[in-house]
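First chain written, first letter: the chains are A, B, C, D, E, F and G, and each begins at residue 1.
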Amino acid sequence: MSDAAQRLLSENLGSVVLVKLRGNKLLRGKLKSFDQHLNIVLEDADEISSNETKKLGTVIIRGENVILVSPAEKG
Amino acid sequence: MSDAAQRLLSENLGSVVLVKLRGNKLLRGKLKSFDQHLNIVLEDADEISSNETKKLGTVIIRGENVILVSPAEKG
Amino acid sequence: MSDAAQRLLSENLGSVVLVKLRGNKLLRGKLKSFDQHLNIVLEDADEISSNETKKLGTVIIRGENVILVSPAEKG
Amino acid sequence: MSDAAQRLLSENLGSVVLVKLRGNKLLRGKLKSFDQHLNIVLEDADEISSNETKKLGTVIIRGENVILVSPAEKG
Amino acid sequence: MSDAAQRLLSENLGSVVLVKLRGNKLLRGKLKSFDQHLNIVLEDADEISSNETKKLGTVIIRGENVILVSPAEKG
Amino acid sequence: MSDAAQRLLSENLGSVVLVKLRGNKLLRGKLKSFDQHLNIVLEDADEISSNETKKLGTVIIRGENVILVSPAEKG
Amino acid sequence: MSDAAQRLLSENLGSVVLVKLRGNKLLRGKLKSFDQHLNIVLEDADEISSNETKKLGTVIIRGENVILVSPAEKG
(Lines give C-alpha, C1' and ligand atoms only; values in the text may rest on other atoms or scores of the structure.)
Protein backbone atom coordinates (compact mmCIF):
# COMPACT_ATOMS: atom_id res chain seq x y z
CA MET A 1 0.00 0.00 0.00
CA SER A 2 1.14 3.53 -0.69
CA ASP A 3 1.58 5.84 2.27
CA ALA A 4 -1.54 7.73 1.19
CA ALA A 5 -3.62 4.53 1.24
CA GLN A 6 -2.29 3.62 4.67
CA ARG A 7 -2.95 7.14 6.02
CA LEU A 8 -6.45 7.13 4.58
CA LEU A 9 -7.29 3.82 6.25
CA SER A 10 -5.72 4.93 9.54
CA GLU A 11 -7.82 8.08 9.53
CA ASN A 12 -10.92 5.94 9.08
CA LEU A 13 -10.32 3.50 11.94
CA GLY A 14 -13.58 3.49 13.87
CA SER A 15 -15.52 4.96 10.94
CA VAL A 16 -17.81 3.24 8.50
CA VAL A 17 -16.25 1.97 5.26
CA LEU A 18 -17.52 0.12 2.22
CA VAL A 19 -15.57 -2.96 1.15
CA LYS A 20 -16.17 -4.40 -2.31
CA LEU A 21 -15.19 -8.06 -2.64
CA ARG A 22 -14.73 -10.30 -5.67
CA GLY A 23 -17.90 -11.97 -6.77
CA ASN A 24 -19.87 -8.73 -6.55
CA LYS A 25 -20.18 -8.72 -2.78
CA LEU A 26 -20.41 -5.45 -0.89
CA LEU A 27 -19.87 -5.10 2.86
CA ARG A 28 -20.33 -2.03 5.03
CA GLY A 29 -19.07 -1.78 8.58
CA LYS A 30 -16.93 0.04 11.11
CA LEU A 31 -13.22 -0.35 10.31
CA LYS A 32 -11.63 -2.03 13.30
CA SER A 33 -8.22 -2.94 11.86
CA PHE A 34 -6.29 -3.60 8.67
CA ASP A 35 -2.84 -4.69 7.58
CA GLN A 36 -0.73 -4.02 4.49
CA HIS A 37 -2.34 -6.92 2.56
CA LEU A 38 -5.75 -5.28 3.08
CA ASN A 39 -6.80 -7.99 5.48
CA ILE A 40 -9.58 -6.14 7.27
CA VAL A 41 -11.66 -6.47 10.42
CA LEU A 42 -15.07 -4.79 10.35
CA GLU A 43 -17.50 -4.43 13.25
CA ASP A 44 -21.28 -4.16 12.90
CA ALA A 45 -20.88 -5.27 9.31
CA ASP A 46 -23.71 -5.69 6.85
CA GLU A 47 -23.64 -7.48 3.53
CA ILE A 48 -25.50 -5.33 1.05
CA SER A 49 -27.06 -6.67 -2.10
CA SER A 50 -29.49 -5.07 -4.48
CA ASN A 51 -32.53 -6.29 -2.65
CA GLU A 52 -31.52 -6.93 0.96
CA THR A 53 -29.12 -6.17 3.80
CA LYS A 54 -27.84 -9.06 5.93
CA LYS A 55 -26.32 -8.45 9.37
CA LEU A 56 -22.95 -10.16 9.78
CA GLY A 57 -21.64 -8.55 13.00
CA THR A 58 -17.85 -8.71 13.25
CA VAL A 59 -16.04 -10.06 10.18
CA ILE A 60 -12.44 -10.83 9.29
CA ILE A 61 -11.97 -10.30 5.56
CA ARG A 62 -9.13 -11.91 3.64
CA GLY A 63 -7.32 -9.16 1.75
CA GLU A 64 -6.91 -11.24 -1.37
CA ASN A 65 -10.64 -10.93 -2.05
CA VAL A 66 -10.81 -7.17 -1.61
CA ILE A 67 -11.30 -5.11 -4.77
CA LEU A 68 -11.63 -1.71 -3.15
CA VAL A 69 -12.24 0.05 0.14
CA SER A 70 -14.05 3.35 0.37
CA PRO A 71 -14.75 5.52 3.41
CA ALA A 72 -18.49 6.07 3.67
CA GLU A 73 -19.40 9.69 3.06
CA LYS A 74 -19.87 11.57 6.28
CA GLY A 75 -23.18 13.35 5.99
CA MET B 1 -3.36 -10.86 9.65
CA SER B 2 -3.51 -7.77 11.81
CA ASP B 3 -3.14 -8.22 15.56
CA ALA B 4 -6.84 -7.42 15.93
CA ALA B 5 -7.80 -10.23 13.52
CA GLN B 6 -5.55 -12.68 15.33
CA ARG B 7 -6.93 -11.64 18.74
CA LEU B 8 -10.49 -11.92 17.49
CA LEU B 9 -9.93 -15.45 16.22
CA SER B 10 -8.08 -16.46 19.39
CA GLU B 11 -10.99 -15.23 21.50
CA ASN B 12 -13.32 -17.38 19.43
CA LEU B 13 -11.42 -20.67 19.72
CA GLY B 14 -14.03 -23.19 20.80
CA SER B 15 -16.90 -20.95 19.69
CA VAL B 16 -19.06 -21.18 16.60
CA VAL B 17 -17.92 -19.19 13.57
CA LEU B 18 -19.20 -18.70 10.04
CA VAL B 19 -16.70 -19.19 7.23
CA LYS B 20 -17.59 -17.93 3.76
CA LEU B 21 -15.65 -19.63 0.97
CA ARG B 22 -15.23 -18.79 -2.70
CA GLY B 23 -17.90 -20.24 -4.89
CA ASN B 24 -20.65 -19.08 -2.55
CA LYS B 25 -20.10 -21.78 0.03
CA LEU B 26 -20.89 -21.11 3.69
CA LEU B 27 -19.68 -23.27 6.56
CA ARG B 28 -20.57 -23.02 10.25
CA GLY B 29 -18.69 -24.84 12.97
CA LYS B 30 -16.71 -24.68 16.17
CA LEU B 31 -13.31 -23.00 15.60
CA LYS B 32 -10.69 -25.56 16.57
CA SER B 33 -7.57 -23.89 15.18
CA PHE B 34 -6.28 -21.41 12.62
CA ASP B 35 -2.97 -20.08 11.33
CA GLN B 36 -1.87 -16.78 9.83
CA HIS B 37 -2.92 -17.84 6.29
CA LEU B 38 -6.48 -18.39 7.59
CA ASN B 39 -6.12 -22.14 7.21
CA ILE B 40 -8.87 -23.22 9.60
CA VAL B 41 -10.02 -26.36 11.40
CA LEU B 42 -13.70 -26.50 12.31
CA GLU B 43 -15.42 -29.15 14.40
CA ASP B 44 -19.08 -30.13 14.08
CA ALA B 45 -19.16 -28.20 10.83
CA ASP B 46 -22.21 -27.80 8.64
CA GLU B 47 -22.32 -26.61 5.05
CA ILE B 48 -25.23 -24.23 4.75
CA SER B 49 -26.97 -23.49 1.50
CA SER B 50 -30.23 -21.73 0.85
CA ASN B 51 -32.28 -24.88 1.00
CA GLU B 52 -30.36 -27.39 3.11
CA THR B 53 -27.76 -27.99 5.80
CA LYS B 54 -25.23 -30.79 5.29
CA LYS B 55 -23.26 -32.21 8.21
CA LEU B 56 -19.52 -32.35 7.50
CA GLY B 57 -18.09 -33.09 10.96
CA THR B 58 -14.48 -31.98 11.30
CA VAL B 59 -13.05 -30.06 8.33
CA ILE B 60 -9.67 -28.60 7.42
CA ILE B 61 -10.21 -25.53 5.26
CA ARG B 62 -7.50 -24.19 2.97
CA GLY B 63 -7.05 -20.49 3.76
CA GLU B 64 -6.73 -19.50 0.14
CA ASN B 65 -10.43 -20.21 -0.36
CA VAL B 66 -11.63 -18.20 2.63
CA ILE B 67 -13.38 -14.91 1.88
CA LEU B 68 -14.35 -14.01 5.42
CA VAL B 69 -14.73 -15.40 8.92
CA SER B 70 -17.33 -14.14 11.33
CA PRO B 71 -17.98 -15.13 14.95
CA ALA B 72 -21.58 -16.31 15.26
CA GLU B 73 -23.62 -13.95 17.37
CA LYS B 74 -23.92 -15.15 20.92
CA GLY B 75 -27.58 -15.04 21.82
CA MET C 1 -1.16 -25.53 8.30
CA SER C 2 -1.77 -25.14 12.00
CA ASP C 3 -0.47 -27.87 14.29
CA ALA C 4 -4.06 -28.99 14.85
CA ALA C 5 -4.63 -29.44 11.11
CA GLN C 6 -1.41 -31.39 10.77
CA ARG C 7 -2.25 -33.59 13.76
CA LEU C 8 -5.74 -34.21 12.45
CA LEU C 9 -4.44 -35.34 9.08
CA SER C 10 -1.71 -37.48 10.68
CA GLU C 11 -4.33 -39.24 12.81
CA ASN C 12 -6.29 -40.01 9.66
CA LEU C 13 -3.46 -41.56 7.62
CA GLY C 14 -4.90 -44.85 6.37
CA SER C 15 -8.47 -43.74 7.02
CA VAL C 16 -11.08 -42.55 4.57
CA VAL C 17 -11.31 -38.79 3.99
CA LEU C 18 -13.41 -36.53 1.80
CA VAL C 19 -11.56 -33.98 -0.31
CA LYS C 20 -13.51 -31.13 -1.85
CA LEU C 21 -11.82 -29.56 -4.87
CA ARG C 22 -12.49 -26.36 -6.78
CA GLY C 23 -15.00 -26.72 -9.52
CA ASN C 24 -17.40 -28.62 -7.26
CA LYS C 25 -15.52 -31.90 -7.38
CA LEU C 26 -15.64 -34.28 -4.43
CA LEU C 27 -13.24 -37.18 -3.91
CA ARG C 28 -13.33 -39.88 -1.24
CA GLY C 29 -10.43 -42.20 -0.55
CA LYS C 30 -7.93 -43.57 1.93
CA LEU C 31 -5.42 -40.89 2.97
CA LYS C 32 -2.00 -42.19 1.99
CA SER C 33 0.08 -39.05 2.44
CA PHE C 34 -0.02 -35.26 2.56
CA ASP C 35 2.35 -32.33 2.86
CA GLN C 36 2.03 -28.82 4.28
CA HIS C 37 0.61 -27.43 0.99
CA LEU C 38 -2.23 -29.98 1.23
CA ASN C 39 -0.84 -31.94 -1.70
CA ILE C 40 -2.54 -35.27 -1.02
CA VAL C 41 -2.27 -38.88 -2.12
CA LEU C 42 -5.45 -40.95 -1.85
CA GLU C 43 -5.78 -44.69 -2.43
CA ASP C 44 -8.96 -46.43 -3.61
CA ALA C 45 -10.33 -43.02 -4.48
CA ASP C 46 -13.77 -42.37 -5.91
CA GLU C 47 -15.01 -39.19 -7.54
CA ILE C 48 -18.49 -38.55 -6.22
CA SER C 49 -21.05 -36.48 -8.05
CA SER C 50 -24.74 -36.11 -7.46
CA ASN C 51 -25.67 -38.95 -9.75
CA GLU C 52 -22.67 -41.29 -9.98
CA THR C 53 -19.47 -42.55 -8.39
CA LYS C 54 -16.41 -43.05 -10.57
CA LYS C 55 -13.49 -45.23 -9.46
CA LEU C 56 -10.13 -43.45 -9.78
CA GLY C 57 -7.82 -45.76 -7.83
CA THR C 58 -4.73 -43.98 -6.55
CA VAL C 59 -4.65 -40.20 -7.11
CA ILE C 60 -2.15 -37.43 -6.46
CA ILE C 61 -4.06 -34.21 -5.76
CA ARG C 62 -2.44 -30.79 -6.20
CA GLY C 63 -2.95 -28.87 -2.97
CA GLU C 64 -3.76 -25.63 -4.72
CA ASN C 65 -7.09 -27.07 -5.83
CA VAL C 66 -8.16 -28.33 -2.42
CA ILE C 67 -10.94 -26.40 -0.69
CA LEU C 68 -11.33 -28.63 2.33
CA VAL C 69 -10.50 -32.05 3.72
CA SER C 70 -12.77 -33.87 6.11
CA PRO C 71 -12.28 -37.22 7.84
CA ALA C 72 -15.19 -39.49 6.95
CA GLU C 73 -17.35 -40.20 9.97
CA LYS C 74 -16.49 -43.51 11.56
CA GLY C 75 -19.75 -45.35 12.04
CA MET D 1 6.43 -1.11 -13.43
CA SER D 2 8.70 0.29 -16.10
CA ASP D 3 10.14 3.77 -15.55
CA ALA D 4 7.84 5.08 -18.28
CA ALA D 5 4.76 3.72 -16.49
CA GLN D 6 5.89 5.23 -13.20
CA ARG D 7 6.63 8.59 -14.84
CA LEU D 8 3.28 8.59 -16.60
CA LEU D 9 1.43 7.97 -13.34
CA SER D 10 3.50 10.56 -11.49
CA GLU D 11 2.68 13.16 -14.13
CA ASN D 12 -1.00 12.40 -13.64
CA LEU D 13 -1.12 12.76 -9.86
CA GLY D 14 -4.02 15.10 -9.22
CA SER D 15 -5.49 14.49 -12.69
CA VAL D 16 -8.43 12.34 -13.67
CA VAL D 17 -7.65 8.74 -14.70
CA LEU D 18 -9.71 5.77 -15.80
CA VAL D 19 -9.07 2.49 -13.99
CA LYS D 20 -10.37 -0.72 -15.52
CA LEU D 21 -10.81 -3.55 -13.02
CA ARG D 22 -11.40 -7.27 -13.47
CA GLY D 23 -15.03 -8.18 -13.75
CA ASN D 24 -15.68 -5.39 -16.26
CA LYS D 25 -15.71 -2.59 -13.73
CA LEU D 26 -14.61 0.90 -14.73
CA LEU D 27 -13.72 3.67 -12.28
CA ARG D 28 -12.89 7.29 -12.99
CA GLY D 29 -11.39 9.63 -10.44
CA LYS D 30 -8.57 11.94 -9.47
CA LEU D 31 -5.31 10.03 -8.96
CA LYS D 32 -4.24 10.66 -5.39
CA SER D 33 -1.50 8.05 -5.02
CA PHE D 34 -0.17 4.75 -6.35
CA ASP D 35 2.59 2.27 -5.60
CA GLN D 36 4.57 -0.16 -7.74
CA HIS D 37 1.91 -2.90 -7.41
CA LEU D 38 -0.65 -0.49 -8.93
CA ASN D 39 -2.44 -0.15 -5.62
CA ILE D 40 -4.22 3.13 -6.28
CA VAL D 41 -6.06 5.81 -4.33
CA LEU D 42 -8.64 7.82 -6.28
CA GLU D 43 -10.56 10.85 -5.05
CA ASP D 44 -14.01 11.90 -6.27
CA ALA D 45 -14.28 8.51 -7.91
CA ASP D 46 -17.25 7.31 -9.94
CA GLU D 47 -18.05 3.76 -10.98
CA ILE D 48 -19.16 3.87 -14.58
CA SER D 49 -21.31 1.23 -16.16
CA SER D 50 -23.16 1.22 -19.43
CA ASN D 51 -26.31 2.69 -17.98
CA GLU D 52 -25.37 4.60 -14.84
CA THR D 53 -22.66 6.41 -12.88
CA LYS D 54 -22.35 5.77 -9.14
CA LYS D 55 -20.49 8.17 -6.86
CA LEU D 56 -17.93 6.39 -4.66
CA GLY D 57 -15.93 9.33 -3.26
CA THR D 58 -12.45 8.29 -2.17
CA VAL D 59 -11.45 4.69 -2.96
CA ILE D 60 -8.45 2.49 -2.26
CA ILE D 61 -8.07 0.01 -5.10
CA ARG D 62 -6.14 -3.23 -4.70
CA GLY D 63 -3.59 -3.41 -7.49
CA GLU D 64 -4.18 -7.08 -8.14
CA ASN D 65 -7.57 -6.27 -9.64
CA VAL D 66 -6.35 -3.55 -11.97
CA ILE D 67 -6.28 -4.38 -15.68
CA LEU D 68 -5.25 -0.99 -16.97
CA VAL D 69 -4.96 2.67 -16.04
CA SER D 70 -5.43 5.44 -18.55
CA PRO D 71 -5.11 9.19 -18.09
CA ALA D 72 -8.37 10.83 -19.12
CA GLU D 73 -7.95 12.90 -22.25
CA LYS D 74 -7.49 16.56 -21.45
CA GLY D 75 -9.93 18.43 -23.66
CA MET E 1 5.02 -32.96 -3.06
CA SER E 2 5.15 -35.50 -0.27
CA ASP E 3 7.69 -38.31 -0.55
CA ALA E 4 4.81 -40.71 -1.21
CA ALA E 5 3.59 -38.62 -4.16
CA GLN E 6 7.09 -38.43 -5.58
CA ARG E 7 7.63 -42.18 -5.15
CA LEU E 8 4.29 -42.94 -6.75
CA LEU E 9 5.10 -40.85 -9.79
CA SER E 10 8.63 -42.28 -10.04
CA GLU E 11 7.21 -45.80 -10.01
CA ASN E 12 4.92 -44.85 -12.88
CA LEU E 13 7.55 -43.39 -15.20
CA GLY E 14 6.95 -45.10 -18.53
CA SER E 15 3.43 -46.18 -17.52
CA VAL E 16 0.11 -44.70 -18.55
CA VAL E 17 -1.36 -42.03 -16.25
CA LEU E 18 -4.46 -39.89 -16.30
CA VAL E 19 -3.99 -36.15 -15.79
CA LYS E 20 -7.00 -34.02 -14.94
CA LEU E 21 -6.58 -30.34 -15.78
CA ARG E 22 -8.58 -27.27 -14.85
CA GLY E 23 -11.40 -26.54 -17.18
CA ASN E 24 -12.56 -30.16 -17.14
CA LYS E 25 -9.85 -31.46 -19.46
CA LEU E 26 -8.61 -35.01 -19.13
CA LEU E 27 -5.39 -36.31 -20.69
CA ARG E 28 -4.05 -39.87 -20.80
CA GLY E 29 -0.52 -40.72 -21.78
CA LYS E 30 2.76 -42.37 -20.89
CA LEU E 31 4.51 -40.49 -18.06
CA LYS E 32 7.86 -39.36 -19.45
CA SER E 33 8.94 -36.93 -16.72
CA PHE E 34 7.72 -34.67 -13.93
CA ASP E 35 9.11 -32.18 -11.46
CA GLN E 36 8.09 -31.07 -7.99
CA HIS E 37 5.61 -28.47 -9.35
CA LEU E 38 3.80 -31.27 -11.22
CA ASN E 39 5.03 -29.98 -14.56
CA ILE E 40 4.60 -33.16 -16.58
CA VAL E 41 5.70 -34.58 -19.92
CA LEU E 42 3.43 -37.23 -21.43
CA GLU E 43 4.12 -39.29 -24.55
CA ASP E 44 1.44 -40.73 -26.83
CA ALA E 45 -1.05 -38.50 -25.08
CA ASP E 46 -4.76 -38.38 -25.85
CA GLU E 47 -7.22 -35.73 -24.76
CA ILE E 48 -10.35 -37.50 -23.64
CA SER E 49 -13.75 -35.88 -23.60
CA SER E 50 -17.17 -37.40 -23.21
CA ASN E 51 -17.66 -37.95 -26.90
CA GLU E 52 -14.24 -38.16 -28.52
CA THR E 53 -10.53 -38.89 -28.09
CA LYS E 54 -8.01 -36.56 -29.74
CA LYS E 55 -4.41 -37.63 -30.33
CA LEU E 56 -1.91 -35.06 -29.03
CA GLY E 57 1.36 -37.01 -29.20
CA THR E 58 3.97 -35.63 -26.81
CA VAL E 59 2.78 -32.85 -24.48
CA ILE E 60 4.41 -30.64 -21.87
CA ILE E 61 1.83 -29.79 -19.21
CA ARG E 62 2.20 -26.76 -16.96
CA GLY E 63 1.86 -27.96 -13.36
CA GLU E 64 -0.25 -25.02 -12.30
CA ASN E 65 -3.16 -26.38 -14.33
CA VAL E 66 -3.00 -29.91 -12.95
CA ILE E 67 -5.79 -30.91 -10.56
CA LEU E 68 -4.81 -34.54 -10.12
CA VAL E 69 -2.69 -37.34 -11.55
CA SER E 70 -3.73 -40.95 -11.37
CA PRO E 71 -1.88 -44.05 -12.54
CA ALA E 72 -4.07 -45.95 -14.99
CA GLU E 73 -5.18 -49.25 -13.58
CA LYS E 74 -3.02 -52.09 -14.82
CA GLY E 75 -5.37 -54.77 -16.09
CA MET F 1 11.07 -13.37 -20.48
CA SER F 2 13.52 -15.08 -22.78
CA ASP F 3 16.17 -12.93 -24.47
CA ALA F 4 14.33 -13.40 -27.75
CA ALA F 5 11.08 -12.04 -26.28
CA GLN F 6 12.91 -9.05 -24.81
CA ARG F 7 14.73 -8.36 -28.09
CA LEU F 8 11.49 -8.62 -30.03
CA LEU F 9 9.75 -6.12 -27.79
CA SER F 10 12.74 -3.77 -27.82
CA GLU F 11 12.75 -3.82 -31.63
CA ASN F 12 9.10 -2.84 -31.59
CA LEU F 13 9.35 0.15 -29.26
CA GLY F 14 7.53 2.94 -31.06
CA SER F 15 5.74 0.49 -33.36
CA VAL F 16 2.16 -0.72 -33.21
CA VAL F 17 1.51 -3.94 -31.27
CA LEU F 18 -1.54 -5.98 -30.44
CA VAL F 19 -2.03 -6.93 -26.78
CA LYS F 20 -4.51 -9.65 -25.92
CA LEU F 21 -5.79 -9.50 -22.34
CA ARG F 22 -7.73 -11.98 -20.23
CA GLY F 23 -11.45 -11.68 -20.60
CA ASN F 24 -11.21 -11.56 -24.39
CA LYS F 25 -10.04 -7.96 -24.57
CA LEU F 26 -7.81 -6.82 -27.43
CA LEU F 27 -5.83 -3.58 -27.44
CA ARG F 28 -3.79 -2.06 -30.25
CA GLY F 29 -1.39 0.81 -29.75
CA LYS F 30 2.14 2.13 -30.07
CA LEU F 31 4.51 0.32 -27.68
CA LYS F 32 5.96 2.99 -25.40
CA SER F 33 7.60 0.80 -22.75
CA PHE F 34 7.54 -2.61 -21.10
CA ASP F 35 9.24 -4.45 -18.27
CA GLN F 36 10.08 -8.10 -17.63
CA HIS F 37 6.63 -8.82 -16.11
CA LEU F 38 5.04 -7.65 -19.39
CA ASN F 39 3.70 -4.50 -17.72
CA ILE F 40 3.19 -2.40 -20.83
CA VAL F 41 2.57 1.23 -21.75
CA LEU F 42 0.79 1.85 -25.04
CA GLU F 43 0.18 5.22 -26.69
CA ASP F 44 -2.73 6.00 -29.03
CA ALA F 45 -4.31 2.77 -27.88
CA ASP F 46 -7.64 1.44 -29.11
CA GLU F 47 -9.72 -1.30 -27.57
CA ILE F 48 -10.95 -3.50 -30.38
CA SER F 49 -14.01 -5.66 -30.14
CA SER F 50 -15.94 -7.48 -32.82
CA ASN F 51 -18.24 -4.59 -33.52
CA GLU F 52 -16.47 -1.40 -32.44
CA THR F 53 -13.17 0.36 -31.73
CA LYS F 54 -12.90 2.55 -28.63
CA LYS F 55 -10.13 5.16 -28.31
CA LEU F 56 -8.27 4.87 -24.98
CA GLY F 57 -5.26 7.14 -25.58
CA THR F 58 -2.32 6.24 -23.35
CA VAL F 59 -2.75 3.11 -21.21
CA ILE F 60 -0.71 1.35 -18.56
CA ILE F 61 -1.44 -2.37 -18.72
CA ARG F 62 -0.80 -4.67 -15.78
CA GLY F 63 1.33 -7.57 -17.01
CA GLU F 64 -0.60 -10.16 -15.07
CA ASN F 65 -3.56 -9.72 -17.41
CA VAL F 66 -1.59 -10.06 -20.62
CA ILE F 67 -2.06 -13.27 -22.59
CA LEU F 68 0.05 -12.38 -25.60
CA VAL F 69 1.72 -9.50 -27.40
CA SER F 70 2.12 -9.44 -31.14
CA PRO F 71 3.83 -6.84 -33.35
CA ALA F 72 1.33 -5.60 -35.90
CA GLU F 73 2.25 -6.67 -39.39
CA LYS F 74 4.07 -3.94 -41.26
CA GLY F 75 2.38 -3.61 -44.61
CA MET G 1 10.46 -27.50 -15.85
CA SER G 2 11.97 -30.97 -15.71
CA ASP G 3 15.10 -31.62 -17.76
CA ALA G 4 13.01 -33.73 -20.14
CA ALA G 5 10.60 -30.86 -20.77
CA GLN G 6 13.47 -28.48 -21.38
CA ARG G 7 15.20 -30.94 -23.74
CA LEU G 8 11.97 -31.54 -25.62
CA LEU G 9 11.42 -27.83 -26.17
CA SER G 10 15.05 -27.28 -27.14
CA GLU G 11 14.81 -30.04 -29.74
CA ASN G 12 11.76 -28.31 -31.20
CA LEU G 13 13.24 -24.84 -31.59
CA GLY G 14 12.45 -23.85 -35.16
CA SER G 15 9.75 -26.51 -35.46
CA VAL G 16 5.99 -26.09 -35.34
CA VAL G 17 4.34 -26.54 -31.92
CA LEU G 18 0.81 -26.30 -30.63
CA VAL G 19 0.24 -24.12 -27.55
CA LYS G 20 -3.00 -24.46 -25.64
CA LEU G 21 -3.91 -21.42 -23.55
CA ARG G 22 -6.47 -20.87 -20.83
CA GLY G 23 -9.83 -19.83 -22.13
CA ASN G 24 -9.82 -22.57 -24.75
CA LYS G 25 -7.43 -20.80 -27.11
CA LEU G 26 -5.14 -22.80 -29.36
CA LEU G 27 -2.10 -21.37 -31.16
CA ARG G 28 0.17 -23.05 -33.69
CA GLY G 29 3.49 -21.60 -34.77
CA LYS G 30 7.23 -22.05 -35.12
CA LEU G 31 8.92 -22.16 -31.69
CA LYS G 32 11.39 -19.28 -31.64
CA SER G 33 12.26 -19.23 -27.94
CA PHE G 34 11.08 -20.16 -24.46
CA ASP G 35 12.17 -19.76 -20.87
CA GLN G 36 11.66 -21.84 -17.73
CA HIS G 37 8.28 -20.18 -16.97
CA LEU G 38 7.02 -21.33 -20.38
CA ASN G 39 7.03 -17.77 -21.69
CA ILE G 40 7.14 -18.55 -25.41
CA VAL G 41 7.83 -16.74 -28.67
CA LEU G 42 6.19 -18.20 -31.76
CA GLU G 43 6.74 -17.10 -35.36
CA ASP G 44 4.19 -17.43 -38.16
CA ALA G 45 1.60 -18.16 -35.50
CA ASP G 46 -2.06 -18.88 -36.18
CA GLU G 47 -4.89 -18.88 -33.69
CA ILE G 48 -7.02 -21.91 -34.39
CA SER G 49 -10.65 -22.16 -33.41
CA SER G 50 -13.27 -24.65 -34.46
CA ASN G 51 -14.40 -22.64 -37.44
CA GLU G 52 -11.51 -20.41 -38.49
CA THR G 53 -7.76 -19.80 -38.46
CA LYS G 54 -6.49 -16.27 -37.76
CA LYS G 55 -2.95 -15.23 -38.71
CA LEU G 56 -1.11 -13.58 -35.80
CA GLY G 57 2.47 -13.48 -37.10
CA THR G 58 5.01 -13.31 -34.30
CA VAL G 59 3.60 -13.61 -30.77
CA ILE G 60 5.02 -13.40 -27.27
CA ILE G 61 2.97 -15.63 -24.98
CA ARG G 62 2.91 -15.13 -21.23
CA GLY G 63 3.76 -18.49 -19.62
CA GLU G 64 1.16 -18.14 -16.92
CA ASN G 65 -1.59 -18.66 -19.49
CA VAL G 66 -0.08 -21.78 -21.05
CA ILE G 67 -1.83 -25.07 -20.31
CA LEU G 68 0.26 -27.29 -22.53
CA VAL G 69 2.74 -27.30 -25.37
CA SER G 70 2.90 -30.07 -27.91
CA PRO G 71 5.30 -30.53 -30.83
CA ALA G 72 3.27 -30.84 -34.03
CA GLU G 73 3.54 -34.30 -35.52
CA LYS G 74 6.11 -34.42 -38.27
CA GLY G 75 4.46 -36.07 -41.26
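Here is the rule we go by: a residue touches a chain if its C-beta (ideal position, glycine included) is under 8 Å from a C-beta of that chain, and two chains touch if they have at least 3 such contacts.
Because the structure is predicted, anything quoted here is derived from the model rather than measured.
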Intersection of the contact lists for chain E and chain G: none
Distance between the centres, which are taken as Cα means, of chain E and chain C, whole angstrom: 19
Distance from the mean Cα position of chain C to that of chain A, given in whole angstrom: 34
Where chain B touches two or more other chains at once, by residue number: 22, 64
Round-the-ring chain order [start: chain E; next: chain G]: E, G, F, D, A, B, C
In the complex, chain C residues that touch chain E: 21-23, 25, 27, 32-35, 39, 41, 45, 56-62, 64-65
Of all residues in chain A, those that touch chain D in their complex: 1-5, 8-9, 18, 22, 24, 38, 63-64, 66-71, 73
